[in-house]
Amino acid sequence: MLIKVQHEDFELSLVSDYFKQCGTEIGAVVTFTGLVRDFQHQPDDKERVEALTLEHYPGMTESVLTQLAEDAKSRWTLNEVVIIHRVGTLYPGDNIVLVATASAHRQDAFNGCQFIMDSLKTTAPFWKKEQTSHGARWVDAKQSDQSEVDKWLTQSAKEC
Amino acid sequence: MLIKVQHEDFELSLVSDYFKQCGTEIGAVVTFTGLVRDFQHQPDDKERVEALTLEHYPGMTESVLTQLAEDAKSRWTLNEVVIIHRVGTLYPGDNIVLVATASAHRQDAFNGCQFIMDSLKTTAPFWKKEQTSHGARWVDAKQSDQSEVDKWLTQSAKEC
Amino acid sequence: MINVLFFAKYREQLNTDSLQLDADFSSVESLIDVLKTKGDTWQQVFSQSGLMVAVNQQMAKLNSALKDGDEVAFFPPVTGG
Amino acid sequence: MINVLFFAKYREQLNTDSLQLDADFSSVESLIDVLKTKGDTWQQVFSQSGLMVAVNQQMAKLNSALKDGDEVAFFPPVTGG
């Protein structure tokens, strides 16, 4: 398991390099990369985002991310998990987060990766502050992110 | 859109390089990589797979893959799609297929990528022949692959 | 003329990559009827339940119409990815 | 002693990264009651509906118990990823 909170950028190729050491049991690798967009999601809010500052809670962040990876491994058959999240000042087009899962089967890899991303959005202690052409402001949490993670809870209840 | 059928290996980094040219509208990139495993999926079938030969239908393959990318782009908001599938002789641990989607939103990127992979499995004219310790044999199509693609059809019907 | 292609297991079983037929065929089914007469192996291959067919590189059905110059391909269920 | 941390918007609004309190608190709620007395801004921040709290780097609730040496962090809903 590779869990990192860092200022530096990352390359997608680190995923293949890291999973290569896990041998030939792996049949499927899914990666998610989140990047800084230069527009807010809301259609009525078209201020240009010039930069993003990511603050986090050192220590708790790492333990929440590790727990998310463990949770995913307990729900699906995953050989390995990578989570890398950047902090500090980022610009449009910059990488923010990388989540990667390796499994024997593609549905496990897809589900594990999507579950980790959805859960990270609502439980990992990161906060974004945007520098826009109209000034700086803290990004508000989105109700849709809570809905996405609630789907996994419902699914879990059904499985039991 | 980047669609390729090739003998050569590929690197995950090509995805970030290719999507970088699409500008800063992209907030989410999902990749799927399929690799050669050295065991069959069936638990009662533990012959070692020494190599895999992939045959395809030149011309039709490219047009089916292009159509799958178009279908995904019509169902979800995707900025770009990459599909690369290898043919020829491959060994355990080798890459077989790469599907990547870029979108403003993560659920679109996840859904598009998973839809393309599920559909590719049942509609793109590729055939695998395994060289195992017990001899060579053509891989049988899996009913579970048909079930996975059927889910997308059902979902489409519900959306209408 | 119809150009007929065979892939994967069928190609091996029939020991044939492709063949050209000069006759006219109204449908895929009528082409199959003729191919079946080429011997026991041909009879077997074209009686398999998983048989897939493409006409001009598009998935087709047994009752799909054929016209002069068409490319018809027969293959087992696909197993890529 | 309780170590109290503030993050993001709250850190800025309170103009405080962290503070140490020597008093004993039975729960997060009783700690908040004391923090609210520190001024109008504190009153406002700790009345916000989205307030999240962690005790010793684990998500906690308003009625979570506190003991000497605990680290308590207050922050708004998270927005990473």
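The first chain written gets the first letter, and so on, giving A, B, C and D; residue counts start at 1 in each chain.
In this text, contacts are C-beta pairs under 8 Å (C-beta built on N, C-alpha and C of every residue); 3 or more make two chains touch, one makes a residue touch a chain.
Model, not experiment: these values are computed from the prediction.
Grouping the chains by touch while chain A is set aside gives B, C | D. Averaging C-alpha coordinates per chain places the centre of chain A 26 Å away from that of chain D. Distance from the chain A centre to the chain C centre is 48 Å, each centre being the mean of its Cα atoms. Within chain B, the positions touching two or more other chains are listed as 34, 117. With touch defined as above, chain D holds no residue shared between interfaces to two or more other chains. Chains that are in contact with each other form these pairs: A-B, A-D, B-C. On chain A, the positions that touch chain D within their shared complex are 34, 54-57, 59-60, 63, 85, 96-97, 117, 120-129, 138-141.
On chain B, the positions that touch chain A within their shared complex are 11-13, 15-16, 20, 23-39, 41, 92-93, 104-107, 109-110, 113-114, 117, 148.
Contacts from chain D toward chain A in the complex involve residues 5, 7-9, 50, 54, 57-59, 73, 75-81.
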